[in-house]
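Here's the structure we're looking at; comments come further down.
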Amino acid sequence: MLDLALANLLSPIVLSFVLGVGAALARSDLSVPEAVAKGISIYLLFAIGFKGGVSLAEHGIDLTLGLSLLAGVVLSFILPLIGFVVLRVLSGMSRTDAAAVAGHYGSISIVTFVAATTVLVDAGISSEGYMVAVAAAMEAPAILAALWLISKGSDETDMSADLWREILLNGSIVLLLGAFAIGIATGSDGLARIESFIVSPFQGVLCIFLLDMGLIAGRGLRQAGVLDRGAIAFGLLMPLIGAAAGLIAALVIGLSTGGTMLLMTLSASASYIAVPAAMRVAVPQANPSIYLTLSLAVTFPFNLVLGIPLYLTIAQTLVGS
Amino acid sequence: MQTHLAKRVEITIEQVMLNRLTDALEKADVTGWSVLPVQGGSGRSGTWSREGQVSRGTGMVQVVCLVRPEKLDQLLDAAFSVVKRHIGVVCVTDAQVLRAERF
Amino acid sequence: MQTHLAKRVEITIEQVMLNRLTDALEKADVTGWSVLPVQGGSGRSGTWSREGQVSRGTGMVQVVCLVRPEKLDQLLDAAFSVVKRHIGVVCVTDAQVLRAERF
Amino acid sequence: MLDLALANLLSPIVLSFVLGVGAALARSDLSVPEAVAKGISIYLLFAIGFKGGVSLAEHGIDLTLGLSLLAGVVLSFILPLIGFVVLRVLSGMSRTDAAAVAGHYGSISIVTFVAATTVLVDAGISSEGYMVAVAAAMEAPAILAALWLISKGSDETDMSADLWREILLNGSIVLLLGAFAIGIATGSDGLARIESFIVSPFQGVLCIFLLDMGLIAGRGLRQAGVLDRGAIAFGLLMPLIGAAAGLIAALVIGLSTGGTMLLMTLSASASYIAVPAAMRVAVPQANPSIYLTLSLAVTFPFNLVLGIPLYLTIAQTLVGS
Amino acid sequence: MQTHLAKRVEITIEQVMLNRLTDALEKADVTGWSVLPVQGGSGRSGTWSREGQVSRGTGMVQVVCLVRPEKLDQLLDAAFSVVKRHIGVVCVTDAQVLRAERF
Amino acid sequence: MLDLALANLLSPIVLSFVLGVGAALARSDLSVPEAVAKGISIYLLFAIGFKGGVSLAEHGIDLTLGLSLLAGVVLSFILPLIGFVVLRVLSGMSRTDAAAVAGHYGSISIVTFVAATTVLVDAGISSEGYMVAVAAAMEAPAILAALWLISKGSDETDMSADLWREILLNGSIVLLLGAFAIGIATGSDGLARIESFIVSPFQGVLCIFLLDMGLIAGRGLRQAGVLDRGAIAFGLLMPLIGAAAGLIAALVIGLSTGGTMLLMTLSASASYIAVPAAMRVAVPQANPSIYLTLSLAVTFPFNLVLGIPLYLTIAQTLVGS
């Protein structure tokens, strides 16, 4: 475990993130243009979706596919409820803010997922290709749970058919699932054609993306004053709770070592794209600084640096390597 | 050159609310506007900049509408219904326009 | 602080016509302007947005000119000669500026 | 032919386009930033021009080079005249709109050309490297023809030396021909140095670009109400007429199978960059929604999905494979 | 709809000076502004455009501040202290705003 | 030498630059979006820094590392003083403008450095990995020298702790040194993971960047009227003076052939990012057209096309090849 954590810490990916955090904390003017960051995230979503689809096409549909999707949906809905209770105990946040934050922890962070798959690839551990679809399935239920929590308090939320369409047809989800479908349809023939675009340079591109994430997280840390101690504790504890829940689900379903580690990572990670946008529309009175800072400047670094090697070690211990 | 009285309304609003705003404008029979990107700013909820955005989708935009003076109230009601519960600033100035038939 | 009367002219026009507009402004002896990107809009010819542009070159821009009041007519004539047959909106507001010697 | 069409349909490139169309029709907020799309198109133009130049440098100048350029110019000028007549018969469009639309079909779509070269590469069929130069030569004459058609009606057009400079020194043409010249100058030595940039990842980058084209075409389709039935019929018929004209020219000149297919594709494709920009300046009264929708949402998908395999089959049948 | 008198101040300034300007605004107790990108322009020091920038960092931006009329002088003093020795244009217009408590 | 110059001239990199210059002079609308150019420069800085770090990790720390850094700092401070005197003799520029221009020539152009390393790689000549750190060390002292020159005249400059922070934590420097540190930390293991991102496509990406630099230089040339003859002569002479100074330092320190050529190139090149930004803040009364045009439209092309092969030849002659 220690070896793994150290190896992870010394990977170019994690160090690029650290560089970004450092530059932002030192108030360097280093920045990645918005369009470039969006372009890179399109690349990452396309690549990860496609590779997941190809892997599904090659290994065939597993009996566990349906179960995994179901587990993802259930985890995504239940984790915010747990998170909400934990947060109300630990922190002095308002009910609305707490519900909005909790929603983020049911949903997932796709970069954390991508970083985890990279660690698996480096370690030569295979995983279920359809985990990409599970990731996509975990975006929306968490938002539902958060809105339900908020509407139970007297606060008004602004739900509408429009908003649901926006959530479900969110660009990231559509691209991830679309590329997944293309991967299934074209299989390894398709992969061969675009391999030198989506496979070979993947880790390098991820470095630049994580540099940018580091810059953003670092800027967030400079504003960490919005978080009380309880909130920060939550940001470090909740991923472990999520990972534990994911682990149980994975053991019940009988996922492979890689799949187990990925489901743990998904459950442990917190959204910073789909959920914040939905919260801005539906619950404008919730303070975005709180949920963005917590998700991006606390939980994301924790998962990237410590969580991922930890989840892998646990999965290897309990499922076998 | 012949000009005509008009009102210039400038609405600064979150990008995620843009479609809702323009839908409301259309319902209020306002058919002309331009959307300008905003790259940063400051207000009661703190300072932000597009490149420092955690969630890149939550930047702001500025919607500029030129309307005939008699349509102003309609426009402001529509804009306010969207801006009300959300972050946003509305600013009106007197203006002159060429080609009044367009507004 | 001492300010001076001026006119603020805002011309929204297709990007492809920008050079022609600024050439006309220069000929009309207007030497100062700023160009702002427009990311979308709506008008009589429908709704558009820069990211949904079929031909990415055909977006719009907003040219803002501050001029002394006595130069306004010259400016409007120049702008109108370009805008006339093309999509575009011209809006004038009264303004005050610092450092009048610049305009 | 059916096999080929199916293989083409299941290529990652075409499926990425389909994904874009679907996302746009479903009103997902998926979008490729303008700067990224422009960056990718710079990459594609540079790569395709460069490779064309290297291929010319390797295979030497063919006797048919001059003839091909001439054929390109003539096709580009004549196709709008044919198109105009067809359009006036099929559709109720105004004279000005019809002339503007017709102009687009004399000019070419470089992405269609790029997609066609990719199909050739996958099929292991070589082609004349200078077809890239023919593509560039086909941009401008079509604009001339359209403006001539319009000026014959009483409508005023706004022509000037400035506009001609803009058309001929259009960024895409300059980059394509410039990269072509660089390819000729540096030959296969030059290619070796930048091969892993312009050759290996090419198809993958093209996928992202076609995703974006799909998004744009899909948004166009949502506004397809501007097109009457006759116009849509024109958008499907005109590429066939163009391809037939290109085929005749290719047979007369004696191009290779690959070259024949490419000249057919060029003739069949419709511009959506150079011509629209010129039309906005010179003929602002022509409705851009009509010509853009037709070129991008009707003819481009037709060529990409059905046209290209069809043209290849015909070329193989008539020239030999 | 109830509106309130305000001043709209538009400061066009070099990007490198933006932080210094917003610091000065904050010191002058101005807490709300929006920053718009400027993609090109012309003035006494010649014509420039963002894509033709040699050093991409030296483009310009437009800072728009809405303030209560009584705060205007404070704001202009602050802005002028930064703009004084630097390239930049300041323009003030009368405006009406919704929700006066924000300014 | 002639051979080398010719080979250099016919490299895709130099030709891409020439294409950009030509397109701009012909007033084509070809342009690279600002965000894409910034994205590419992030890529180049990351790649060059990382590779420098890995090379240091592999070859170990040289005794000459400290000396080279010192030499860089001294050169960076002294060259502006020399440049200032030369400029006052050759040109009619004001004292302030002359000092601002001189400052640029003490600092360095990272693209020129990158182009030089590419020539070395192509020629199979190795160099000290830490030259990247020397490059970073040469940014700031030149600014100090320029401001000192200006403050000695009665003109006011606007120095502050803020400005120094900005200069030293300039995004380019932070990224270059950060990537350098990551390269040292991860060594050749790290390189292996991201090699197909930062090594293989490097030269191709550089072509696109130089295309953009050419466009900018060409636009600058169109405004070359701001420069008097003396200024232009300075722009061609000063790199030679700088290279000579760099050469002496390299011989004293005992750098390898590659390192000598790189130190010459660094000394010969003129900044166009960090110094102009600092000058705008601190000395707004100095005319940016003069220093930008001189640095980018005169000295940069000179170094790229003639300087680099010249410096290599000299280094090979004096140090051995």
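For clarity, chains are labelled A, B, C, D, E and F in written order, and residue numbers in each chain start from 1.
Here is the rule we use: a residue touches a chain if its C-beta (ideal position, glycine included) is under 8 Å from a C-beta of that chain, and two chains touch if they have at least 3 such contacts.
Being a predicted model, the structure only gives us computed values, none of them experimental.
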| item | value |
| --- | --- |
| Longest centre-to-centre distance from chain A, chain (CA-based) | C |
| Most distant chain from chain D, judged by the mean position of its C-alpha atoms | E |
| Superposing rotation of chain A relative to chain D, computed on C-alpha atoms, to nearest 5° | 120 |
| Between the pairs D-F and B-E, the one where more C-beta pairs touch | D-F |
| For chain C paired with chain F, centre-to-centre distance based on mean C-alpha positions, whole Å | 39 |
| Distance between the centres, which are taken as Cα means, of chain C and chain A, whole angstrom | 45 |
| Whole-Å gap separating chain C and chain D, where each centre is the average of the chain's CA atoms | 34 |
| Multi-chain contact sites of chain C, meaning residues that touch two or more partners | 36-37, 93-94 |
| Set of chain D residues in contact with two or more other chains | 31-36, 38-39, 196, 200-201 |
| All chain pairs that touch each other | A-B, A-D, A-F, B-C, B-E, C-D, C-E, D-F, E-F |
| Chain B-facing residues of chain C, complex | 10, 12, 36-44, 47, 49, 60, 62, 73, 76-77, 79-80, 83, 89-94 |
| Residue ranges of chain F in contact with chain E within the complex | 31-34, 37-38, 158, 162, 215-216, 219-220, 223, 272-273, 276-277, 280-281, 284-285, 287-289, 292-293, 295-296 |
| Residues of chain D that touch chain A when the two form their complex | 10-12, 15-16, 19, 22-23, 26-36, 39, 122, 196, 200-205, 207-208, 211 |
| Interface residues, chain C side, partner chain D - complex | 14, 16-17, 20, 45-46, 50-58, 85-87 |
| Chain B residues touching chain C - in the complex, by the definition given at the top | 1, 3, 6, 8, 22, 26, 31-37, 61, 64, 66, 93-99, 102 |
